[in-house]
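Chain lettering (A, B, C, D, E and F) follows the sequence in which the chains are written, and residue indices restart at 1 in each chain.
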Amino acid sequence: MSRRNGDDFVKLMLGDRTGTVEAVAWEGVDECFDCSKPGGIVFVEGRFSVHARYGPKITIEAIRAAEEGEFAEGDLVESSPIPADLLETDLRDLLATIRNAQLATLLDRFFGAETDSWKRFRVAPAAKFYHQAYAHGLLEHALSVAQAVSAAAAAFPGIDRDLAVTGALLHDLGKTQAYNDDPLAIDLTDAGRLLGEIPIGYYLVRKEIESIDGFDPELAQAVLHIILAHHGTHEMGSPVVPATREATLVHMMDNLGGRLGSFDRIERELAEGQSWSKFDRGLDSAAYFPARRAA
Amino acid sequence: MSRRNGDDFVKLMLGDRTGTVEAVAWEGVDECFDCSKPGGIVFVEGRFSVHARYGPKITIEAIRAAEEGEFAEGDLVESSPIPADLLETDLRDLLATIRNAQLATLLDRFFGAETDSWKRFRVAPAAKFYHQAYAHGLLEHALSVAQAVSAAAAAFPGIDRDLAVTGALLHDLGKTQAYNDDPLAIDLTDAGRLLGEIPIGYYLVRKEIESIDGFDPELAQAVLHIILAHHGTHEMGSPVVPATREATLVHMMDNLGGRLGSFDRIERELAEGQSWSKFDRGLDSAAYFPARRAA
Amino acid sequence: MSRRNGDDFVKLMLGDRTGTVEAVAWEGVDECFDCSKPGGIVFVEGRFSVHARYGPKITIEAIRAAEEGEFAEGDLVESSPIPADLLETDLRDLLATIRNAQLATLLDRFFGAETDSWKRFRVAPAAKFYHQAYAHGLLEHALSVAQAVSAAAAAFPGIDRDLAVTGALLHDLGKTQAYNDDPLAIDLTDAGRLLGEIPIGYYLVRKEIESIDGFDPELAQAVLHIILAHHGTHEMGSPVVPATREATLVHMMDNLGGRLGSFDRIERELAEGQSWSKFDRGLDSAAYFPARRAA
Amino acid sequence: MSRRNGDDFVKLMLGDRTGTVEAVAWEGVDECFDCSKPGGIVFVEGRFSVHARYGPKITIEAIRAAEEGEFAEGDLVESSPIPADLLETDLRDLLATIRNAQLATLLDRFFGAETDSWKRFRVAPAAKFYHQAYAHGLLEHALSVAQAVSAAAAAFPGIDRDLAVTGALLHDLGKTQAYNDDPLAIDLTDAGRLLGEIPIGYYLVRKEIESIDGFDPELAQAVLHIILAHHGTHEMGSPVVPATREATLVHMMDNLGGRLGSFDRIERELAEGQSWSKFDRGLDSAAYFPARRAA
Amino acid sequence: MSRRNGDDFVKLMLGDRTGTVEAVAWEGVDECFDCSKPGGIVFVEGRFSVHARYGPKITIEAIRAAEEGEFAEGDLVESSPIPADLLETDLRDLLATIRNAQLATLLDRFFGAETDSWKRFRVAPAAKFYHQAYAHGLLEHALSVAQAVSAAAAAFPGIDRDLAVTGALLHDLGKTQAYNDDPLAIDLTDAGRLLGEIPIGYYLVRKEIESIDGFDPELAQAVLHIILAHHGTHEMGSPVVPATREATLVHMMDNLGGRLGSFDRIERELAEGQSWSKFDRGLDSAAYFPARRAA
Amino acid sequence: MSRRNGDDFVKLMLGDRTGTVEAVAWEGVDECFDCSKPGGIVFVEGRFSVHARYGPKITIEAIRAAEEGEFAEGDLVESSPIPADLLETDLRDLLATIRNAQLATLLDRFFGAETDSWKRFRVAPAAKFYHQAYAHGLLEHALSVAQAVSAAAAAFPGIDRDLAVTGALLHDLGKTQAYNDDPLAIDLTDAGRLLGEIPIGYYLVRKEIESIDGFDPELAQAVLHIILAHHGTHEMGSPVVPATREATLVHMMDNLGGRLGSFDRIERELAEGQSWSKFDRGLDSAAYFPARRAA
């Protein structure tokens, strides 16, 4: 990413899978400007320094565009710490436990191995910032929430487990269209901003359901209610509030998964030897990692 | 409406277009119970009294079910103070001003004189309680909001007037399915409660748009954004917040129409000679009608 | 419970394990007044009626105090739907899985079969109204939360499972002193109101920890943090906000357990054939039970 | 505007009608310091660059104070995009439609062509930042709100149109004293900060009304209520909440005018080719301008 | 107070200085209706009973209007527990300590023994419900707040004590016009509702200040700021927030005085032997009076 | 404090009792890095400049570690403007006025001249940022709050003065453990973050009370309630809300003391000739100091 409006220096944001850093070039500005565009891949030489308040910076001494074959995408973008194949295997195992035939049919429309939907879902991120903001992040998130929903369904009475697991797997489906598919520059799409991830997902699932002959209308409403209510409150962007046990369960496990995902992200970014992070807006607290200090 | 669980008296809620009143029968309880069911129509004789704190009550002395032909529906249920035909004429006039062909086509799908959609829209209420909670109320509300949007679009720069008017006419379309069609007992449907009026309307419009060949996707998003954002904030149940001038305009005029509709309702219910109402939650204030005292 | 200030009638609240009902005596007022005191046990004859707005009422025709042996406590007060012995067995099974010796010691101080603490914990209610507001309710609640914590700890990375389960079992310990021990009239104690259940529990556990030789101070803070943070936010009465994965997990599972417990309570109170409850403040929604209508 | 505390460089904020930019001088610091004071007018030579995070900057190479006659005020400060004379004509047209003699008299006290009040009102800004933050901005804002009020008064029943238009024209009168009269450095006055624009305006109007013989006290309260309530809620700084149709209408149209004014401001500041702005606090959203991308 | 709409019974609210009670007449309805009007004074015979949920009630057996001379106003309405003469003496003592001549002059305009302002101030209530809702309540409240302000001004540095005491004495002046002067039926006036007590008081003081020759404008703003800011936040109805030490001090002492006044009111209404009140909205808590149980 | 991650420059935060400033070294980086560590004491030579947006900065030209004896701690860290001995004398005077023997005993446990508790309390800060964030700040704050409580207890009826003063002196006791004891780098401890200052103080006082034979349990609860409730609301971190006059009084005076302390801090930091500060989050306003402009 770069912006340039003068003739004396250029500021860039450089990034690889370990993070991003600001960079500045005072010489060779023209070369620098030519080879930098959003999502462009470059080799850089320079000095690295850290400012107490504004953070790290690279002073660029040389820069050139990378050629095909000079880099591996895996070095550039973070992805789920769990291999995608393993995530898929676990997903298929979970799908196999759904006994309700209508729900199994519905899930197959979205997660069937050959569908376009699955191809997009498999690689999509779960967010731009907060948690699982990387390739395969959506799959990792949906799977862990669904697994936790399945486990908790055994611990509390009165829950329709297949319905809850189905809702958990589909709850964030709208993110496949609310986020773009550029792993180097995750961002909301126009649809994501104008319509919102929840209405997009609700539309996709409702339209799919209406294409399945004989799908029970009450079951349909129960699934759609989980998707629409999964942010838990109006304030968090859900147009309806959970009114069923299953919607309550999926909302809470989604919330839990998001918060624990924030701990994972914060811990990765924490400097060695530190046990307290900065204040985190998602957690409304600093995060504490006692094991790190002990180690 | 009635409930009965003992053998010594029966409590009922009686209502006609002017309001509702609680009633109690101490004698003839069996007859009373037989002829009372939710939405049933009865003739009652009795004494009327008003309790300072609990309000008015009728002590039933005689009750019998009404026969077909003994009553006019117009006596039983309130409807818009403006005749439905007049509302329809004004709507057709407004529709005729839409020059954007795609939007005109879309509107015709919902308001075309012979469509099922129009038949339902024409009689639907706008709410259960707050404003325009009566037959034709939705039409009255949508029309006045759209007229005000059209007028204001001339007063402020940069507004796509046809887009804004289209959004205003369609903004509450979901209410046609979120409310039942029993004018004697307006209530939310299961879909209204589980999915919400906004997602229902968004689904109906999006599905219709996708059935129109060549509908501009950016225009589609702009219309759908108005519907999804028209409550103005997450807190009020919109999954997205207005991001365009047109969505801002429709939201504000809908809000204004709702508040002024509350003044209308409150004024109808106010006792003679009173200029101050009780505190009203919708207004977050008591309402003041100075003209009433002067008269 | 009764109050009486005149000479012409007496109003009482009568209750058994199925609920409470208002009652009124117009005759035999003196006898009625004599045998009614808060928590008193009586036999009543009379007529039962239901008022549309104010609910059910009994008109008392005869009333007398019950003698010892004429009633079973189980008829009068609700208790956990799961037998207390079964709850205890499950608790002992869960306790046996704690491998951290210090935590096991701490838990034994509170749940050891012969301790006073356990005797009180075993019968205490979990609340006055919302969920598990009955004998053994605290045990049922703490156990289900701890089981769900244990299950979820396997689904998410980085959690100290023994610490989280310990925190889950102890999180509501303060309720043993914040609520009185009268199963017929659950209420907050003065300490419960003036100090709060969280500070009481924190004090009990901290004092116990300080009496255990060599208890790791960092582990102690981690346990106490779970207790203090388990309401999740300042707004909900926690003096600190969850800053660790374990405190986050216990908070969320406690929250989930409370909400699902509300569904259980609401479903028990719902009239036959109804699938929607009234608006519930705890859920911030009406609750929906689709299975009930199907049945 | 400048601040200087060392002997090695000087930082300034430079601005003209198109915006502001930070500037730094590393040489000629003394000259630079001498000719820079808040609101001072200078000629600058230097290099312009843009920092990715901190935005644009000018490195000053030469600076000197401008002489009288070297600059036109219109180049330095933004003003309403509509010529002031046209705004005044429209205002006079609107004033001529007020039939209520008392209200017409009151308006003439403030908007009479020869009054001091009008001279100040005509040039005052409507805000420091958000919308119409430029010369003639107050007039532009009050006029458009009053026009929209007048138009909407025809669309909804029960509104005293003359009263509402009067309230709309006077609602922000307090800003004439709450903001200073330096178009180069719009800021709140001490009175604006200590008393607030609403109480200032209320005082001015009430005092004027009390100087008009025979002004109807009920009408006076109705006008003053519109002014005091026009922010709509306590949270937004109104000491009372709208309790009349007219106060509701003026509040909503003021709100609408302010929001649409924010769209205007945001659009002016948006870089070419961009259709989404940054998040805007006034709108609680980013703003979207689809037409810009299409163009 | 009475309302009557039928021919079979009448409900009234009866009250004396110890409180109010609902009453019902089943016989002699016409006589009852004739002699009951808001603020009317009657003698009643009847039976008193208490309902567990709806509270106490009197069944009227006989009622007649009281004649002049049959009653003492002191029996009918509550007034300050401190004699008005003593309050006035303390006020005069406090006024004598003001050394700033301009502030002394200003205070004399409102509290001068012969002024109309003082006559109204001396008897006015401080509220309709919460605290000091009785004759002389405003004087009692203003005096105690001013005394506490004077005391605290000595404990903290940097406070202009005369300014703060002046602000404290005048802070609620608007209540003299915001409440009616009927001690039997304290209520807000139209001005109180439409303009608010703060803008009314601010107007009265500002107009008075402007009539004093040579009053320092900065001192004037400081006094007016205290009045306008004394509710402390926008949410509580202040159009500006305290920006000076004196405004902060008056706001906090007013708040303290109001809360302690609520304790006084709650304690008076508490049944004997009770140490806990019901939940009180003003305190956001139940109130606890340990001494009562001990006694 | 310093951080360094490159080989070309070092950024430091330097501070003395008058404030802190950022510093940067472009040469002699190794020497600079060697002598800088958090809390280290150095001599620095360099140039000072002020950036309009980012504030002041020192460009380091020479730096060396200070030797013992080269500096006075009083030059490095701010402390209370009132000498500690004077604060202690005032505290002892106030303690001498407590007549309740149990409360006097309790206070002696914490403030007895020879106790460890007193030694820590005497030097502890009251905060990291907002008010009294310096050595002896806790003593200064607790003393002024207790003095104000004592004074106000005379002005309002029904207050147990000894109880309130005791609560005021002990209310912030937890800060002695919630903050570290490094006057050069005041920060929260792990206990302060994980447990919170209120639960820490409550624990210390409750444990001490339980070690005093025969301490009245009701009095104990009353003291502990003051400590637990002194932040006033759940939102501000109190697990319980003030339910007694004494808790209300201490909360309000603590709040007042904190706000006035913020005025003191802001005034110290204000540039000469300025009468308005920047917006302050603690006050939710800018602060105004009219005397400064007059002078």
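Definition applied: contacts are C-beta pairs under 8 Å (C-beta built on N, C-alpha and C of every residue); 3 or more make two chains touch, one makes a residue touch a chain.
Worth saying up front: this structure is predicted, and the values here are computed from it rather than measured.
Common neighbours of chain D and chain E under the contact definition above: B, F.
With steps allowed only between chains in touch, the distance from chain C over to chain E comes to 1. Considering every other chain in turn, the ones in contact with both chain A and chain D prove to be B, F.
A centroid comparison over C-alpha atoms places E as the chain most distant from chain A.
The mean-CA centres of chain C and chain F are about 40 angstrom from one another, to the nearest whole unit.
Rounded to a whole number, the gap between the C-alpha centres of chain C and chain D is 57 angstrom. With touch defined as above, residues shared between interfaces to two or more other chains in chain B number as follows: 190, 193-194, 218, 222, 240, 243, 286, 288. Pairwise chain contacts in this structure: A-B, A-C, A-D, A-F, B-C, B-D, B-E, C-E, C-F, D-E, D-F, E-F. Per the touch definition, chain C reaches chain A in the complex via residues 144, 147-148, 151-152, 154-160, 218, 222, 233, 240-245, 248-249, 252-253, 255-257, 259-260, 263-264, 267, 283-291, 294.
Looking at the complex, you find that chain C touches chain B at residues 47-53, 56, 59, 275-276, 286, 288. Against chain B, in their complex, chain A makes its touches with residues 190-191, 193-196, 198-199, 202-203, 206-207, 218, 221-222, 224-225, 228, 234-240, 243. In the complex of the two chains, the chain D residues touching chain F come out as 1-9, 11-13, 22, 190, 193-194.
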